[in-house]
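Several structures are given next for inspection.
Next come two complexes, and both contain chain A; in the first it sits with chain B, in the second with chain C.
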Partner chain A sequence: MDISLIIAQFMSGISHGMMLFLIAAGLSLIFGVMNILNFAHASLWLVGAYLSYTFWYILQDYSIAMWLSIVLTTLSMGVIGMIIEIVLIRRIYNRDLSEQLLLTYGLILVIGDGIKIIWGVDNKLIPRPEIVATPIDFFGIPFDSYFIFVILTGLSVTFFLWWFLKKTRYGHIIRAAVYSREMVSALGIPIPRIYTGVFAMGIAIAGLAGAIQAPIGSITLGMDMSVVVQAFCVVVIGGFGSLLGTFVGALIVGEVYAFSILLWPQGALIFIFLVTAFILIVRPWGLFGTPMRK
Partner chain B sequence: MNNKKKLLWIAAIFAAALILPLIIGEFWVHIAIQILIMGLFATSFNMIFGYMGQLSFGHAAYFGIGAYATGLLIVKASIPLHFSLAASMIVAGLSAVVFGYFCVRLTGIYFAILTLAFGQLIFYIVFQWYSFTGGDDGLQGVVPPDFLFSAYSYYYFTLIIVTAALIVMWMIGESPFGYTMRSIRDNDSRTRFLGINVRAYMHVNFIIASMFAGLAGGLFGPFNRSIAPDLLSWHHSGIPVFMAVIGGSRSFFGPFLGCIIYTFLMAFITGFTQYWPLVIGTIIILVVLFAPGGILGILESRIKALLSWKGIDEIGKKTDDESY
Partner chain C sequence: MKKFKFMPFLFLFIFLVEGMTGLNCGKKDDTYNMGVILSITGAGSIYSKDGVDALELAVAEINAKGGFLGKHQIKLIIRDDQTKPDVAVTVAKDLILRDKVKVIQGTYSSACAEAIKPIARENKVLHIAAISNSENITKVNFSPYTFQVVPNSYMQAQAVVLGVGALAKKNNWKEYVTIASNYEWGRSTQNNTVALLKKSAPNLVLKKEFWPKLGETQFTTYITAIMAQKPDFVIGSIASQDNASWMKQAGDFGFFKKIPYPGSLISVTELILQAKTIDRGTVGLCRAPFFAHMDNPIMAAFVNSFKTKYGRYPSDWAVMEYDAVYALKQAVEKANSIDTEKVREAMTGATIETTRGKLTFRTIDNQLSCSSYIGIVADDPKYPFPIYKDIVEVKGPDSWRPEQEIVDARKTEKK
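Showing the complex of A and B:
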């Protein structure tokens, strides 16, 4: 195995990790703030991918069609997230865990069939625009230029989330709400509106991830199933509710995935699970999480 | 309700189940077999959910392992069904020894995630191991022995095994072990102070529940004549959760009742639409939103007298009001 192959694989691992980060970040954010585990997160990611196809299809005569479809998808998924929160999630804040999970499980079934009805069973493909279609030279190694775009997007979202949560007023409110809902609402801040915003943001990021996934390969039914489990592994490795943990976890899973594909293609997911199991034995609350609250 | 009356009810239901195939047509016998198998699956799930208080979202993996164990033994080694059913329980139990060890270290939502992740791991192993499991083609030609070939004989075979399994599970639930599980569910710190090794007890319970799920899976393969990896997947794991929630998880027969409702719904709805997941997904969402505690929670208050035989788990019922 020569060094250029290793570097190429390393870069593709980072780009896969960034994709996982975009999905897991919303999952972790929603769980951390609202204490609701959204099983349907990856299904909504897939909706984002299909939606971006539709936007691209309408706009395909323009040269910026793909870029525009990414923006439009992110915005519309934010709106969809808002609607889901107001109509469904808001009613189950104080329910048993089993009912919360059943509701999002029901959503998976509805979304899965909904995609089948709206977009059919055929695979969809968005051709890449010229600028990200050709490989670029990366220290003498040809490297898929679209992956550079994915990595840059992932880093920008990471930075945005960090800035938003640590530096802005709304970010401070959200972090305060994690520690005490009662105290925050006693200060006159409407908790339900904060929750709606957080859920919409999480779903918008998932939509963004779906939109930038679409031009990588074709969009197929059921591709959310393998991604959702990897996203769960990411948050378990990193620790729920920790942005840094999710970022590191995503890179670990991305790299494990990229290199195990080189060694034993069928076993990629198995390696990821082994890493997850190992971390759970050593640190059940994840690398950057805090020990479980009872 | 006293024990005598309870036994009378159960005997009456069993007798009704015995004469049932004489009245209904073959299509409904198939539905009845499905109810028995999925009812066993849901009841085994409830050993973890109702008695231990943890939500497993990967229980279908053990059902699927059981199905594949029986299926592979029948297809590749022509081992008779009654031996391969035992093998199903053992293989599912052994997998639960390994995976359960990690799962019982966590509780609540973390338990749900880990069971789900391990369930998907097993699903992917089966899905991708073409040479052994047939991958996504599944396993064809899982045929029961000649004397069980007709739906009627397979019904009685399933009825006997499921009844025996339910009796064993009921006895486990009523044993000191079962009451230890309830005590862990209601307060695991206090249980630990009593000197009970909570993790070990949970692990054993997880293994037993998985063995019965494996048995249900073993019965399912020859009934369905083929096995698909979908049986292990997460989508299949949600079904017993739904059954337990609509039927009531705090009574022994609740999940079984939920299974009857679910299976009838499915038989009815798949008759005129291929979008069964869409319909059941919508039903699940509506039940969670508008009927917390399940359909039976609503019915129970109205026709309590009629349903009072449900109250086998009377201790569990009393703790319903306490924190969960």
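Showing the complex of A and C:
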């Protein structure tokens, strides 16, 4: 096996990892700041994919339809996230994890049936514009040019979140709220509004991931269930609430998956679960996380 | 009068018993309840949608003429198994016990078909598999109530071997890899193909097998991993939504331009969905392409009705579900009854008229003698999507497993 093929497989793992990062980033952010484990996160990712199809369908006569649909989906999902936080999530902040599970699991069922009602059961397909429709030559191996865009988007989101949380005033407030909600509240900063913003941002990123996923294959019901497990593995490995952890966790899962497919295809998923189980045993809060708050 | 005080209770008792046992004062229900279990959602939804449409069309046509035997209207009860065997079992029981169906048409997934087979047998309900085609559905753990109107995985594998063997010889191919969905049908088809290729072309070397899970949406890592093997060709056993995703993503990678992909399942659904992008010249396999039988008046009429009603051409899945209803109709007519035992007996070994010609159910396994089709993807001005040219129709009796092997397999099963 020559080196170019190993590089191609490595790139394939990076692109898979970046897609997982985009899905898991919002999940981790919401848990880290709000202590809410949103089991419906992947379902909202799927809503993002369907929504992008609708935007693309409306705008398909324009050459930038696909790009515009990604932007509009991200913004719309932010608004949807805001509504969900205000109407539902806000009421369970002080409840047990089991109640969070029940509520967010209920959301999965509602969203699943809602998608069937709104978009039907047919597959949806978004054709790509020419610039990302043809493979590029990567060390002599063809590589899907769209995945270059996926990787760049993943890196941009990572940089944006890092900049936002570390360098802006709002980011400082959010990080302070992670450690002491009471203190932040005592300073006159409205915690509920901060939480609404964080939840909206998390869901907007899920929407962005869904919109980016849409032109890769066809959009189908049940897609969310096939990624949700790997997304949870990412945050468990990286550490719930840690941006860096989610990024590293996503790359680990992506590369483990890619190379286990290359070397032992039957056991591709087993390796991911073995890594996840190992981390859970030796460091339950993940590689870059901190022990969970009570 | 005191002794009649119990009368209200007696009436109440009779009323309750009647309610519970479903007595309806001698009124006979002539409706024929036909249950359908397909994957309305989940990995098999693309194929299943066409199947449901064809079933509805066939039932509407028969009901317009009075129903079975001109007097039994068919009531179609459609359930979604979500491509999950446990759900299929639940809905099968519900259809049998609550809706009192006499037949279950379906399913998409072979795992679902195998899951509901024993339930249909226990309850003496007919079960016609028109999409799911693992040969194990009828080969082992045989049920006299289960019939298959689709070429099974062994028959399809034989057809692939025929086509691929010729191509391998012509192009001097030496090594290949396989990619198959990791569930009953994918494993069964892949294993049969590899075993038969080993027999017919012993020089071909299987380099690696890839098993993406059922419902896989991201094939990127598989595509690069297959390319890394540098095989002379690839054989795929992926279906429905997974196949749509695989074909699109592999196409976007330029995979099919680099590596021949002969004899893999490219049904009419894929030809329509991938009309713009599918590589012309690809050698594909399908189960019931309507364009191969347009000279048959039954097929021509079906295509016309389907197109008029739904505004599109029928896929393989639509053709086979349509045939399943008419197979049942002909068995009912032969039995001159809708009694399940009589219909089952009439259907066993029956020769029936279908959209694909005159076909016979083989007695040993209730497998219909339907053909598999191999062809080269090419444009045709008559259709808005590519079809197959130079079609090789591999007839059922030329491709199905020899009866003795089935007998042997069942003996092993008993041990």
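In this section, the second predicted complex is superposed on the first by the 285 of 294 C-alpha atoms of A that agree within 3 Å, B and C clash if a C-alpha of one lies under 4 Å from a C-alpha of the other, contacts with A are read in each partner's own complex, and residues count from 1 in each chain.
Going forward, contacts are C-beta pairs under 8 Å (C-beta built on N, C-alpha and C of every residue); 3 or more make two chains touch, one makes a residue touch a chain.
Note that this is a predicted model, so its numbers are computed, not measured.
Peer 1: Quick one: chain B and chain C on chain A, clash or fit?
Peer 2: clash
Peer 1: Classify the contacts of A:258 with the two partner chains as first (chain B alone), second (chain C alone), both, or neither.
Peer 2: After superposing on A, A:258 lies in contact with chain C but is clear of chain B.
Peer 1: Using the superposition on chain A described above, determine whether A:266 touches chain B (first), chain C (second), both, or neither.
Peer 2: A:266 sits against chain B and chain C alike.
Peer 1: Given the touch rule stated above, what does A:96 touch, chain B (first), chain C (second), both, or neither?
Peer 2: first
Peer 1: Touching A:220, do we find chain B (first), chain C (second), both, or neither?
Peer 2: second
Peer 1: Which partner chains sit in contact with A:47 here, chain B, chain C, both or neither? Use first/second/both/neither.
Peer 2: neither
Peer 1: Looking at A:117, would you say it contacts chain B, chain C, both, or neither? Reply first, second, both or neither.
Peer 2: Only chain B; A:117 stays clear of chain C.
Peer 1: I'd like to know which partner A:144 touches here: chain B for first, chain C for second, both or neither.
Peer 2: So A:144 only meets chain C here.
Peer 1: Intersection of chain A residues contacting chain B with those contacting chain C?
Peer 2: Touching chain B and chain C on chain A: residues 116, 225-226, 266, 269.
Peer 1: Chain A touches which residues of chain C in the complex?
Peer 2: Within the complex, chain C contacts chain A at residues 40-43, 45-46, 49, 82-83, 208-211, 213, 215-225, 227-228, 230, 241, 244-245, 248-249, 252-255, 257-258, 273, 276.
Peer 1: Could you please specify the touching residues of chain B with respect to chain A in the complex?
Peer 2: Result: residues 49, 55, 57, 102, 105-110, 112-114, 116-118, 120-121, 124-125, 128-129, 233-235, 238, 241-242, 244-245, 249, 275, 277-278, 280-285, 288-289, 292, 324 of chain B touch chain A.
Peer 1: Which stretch or stretches of chain A touch chain C in the complex?
Peer 2: 1, 5-6, 8-9, 11-13, 15-16, 19, 116, 121-123, 125, 127-128, 133-135, 141-144, 146-147, 213, 216-218, 220-223, 225-227, 257-258, 261-262, 265-266, 268-269
Peer 1: Under the definition above, what is the set of chain A residues touching chain B in their complex?
Peer 2: Listed in rising order, the residues are 31, 37, 88, 91-92, 95-99, 101-103, 105-110, 112-114, 116-117, 225-226, 229, 232-233, 236, 266, 269-270, 273, 276-277, 280-281, 284, 292.
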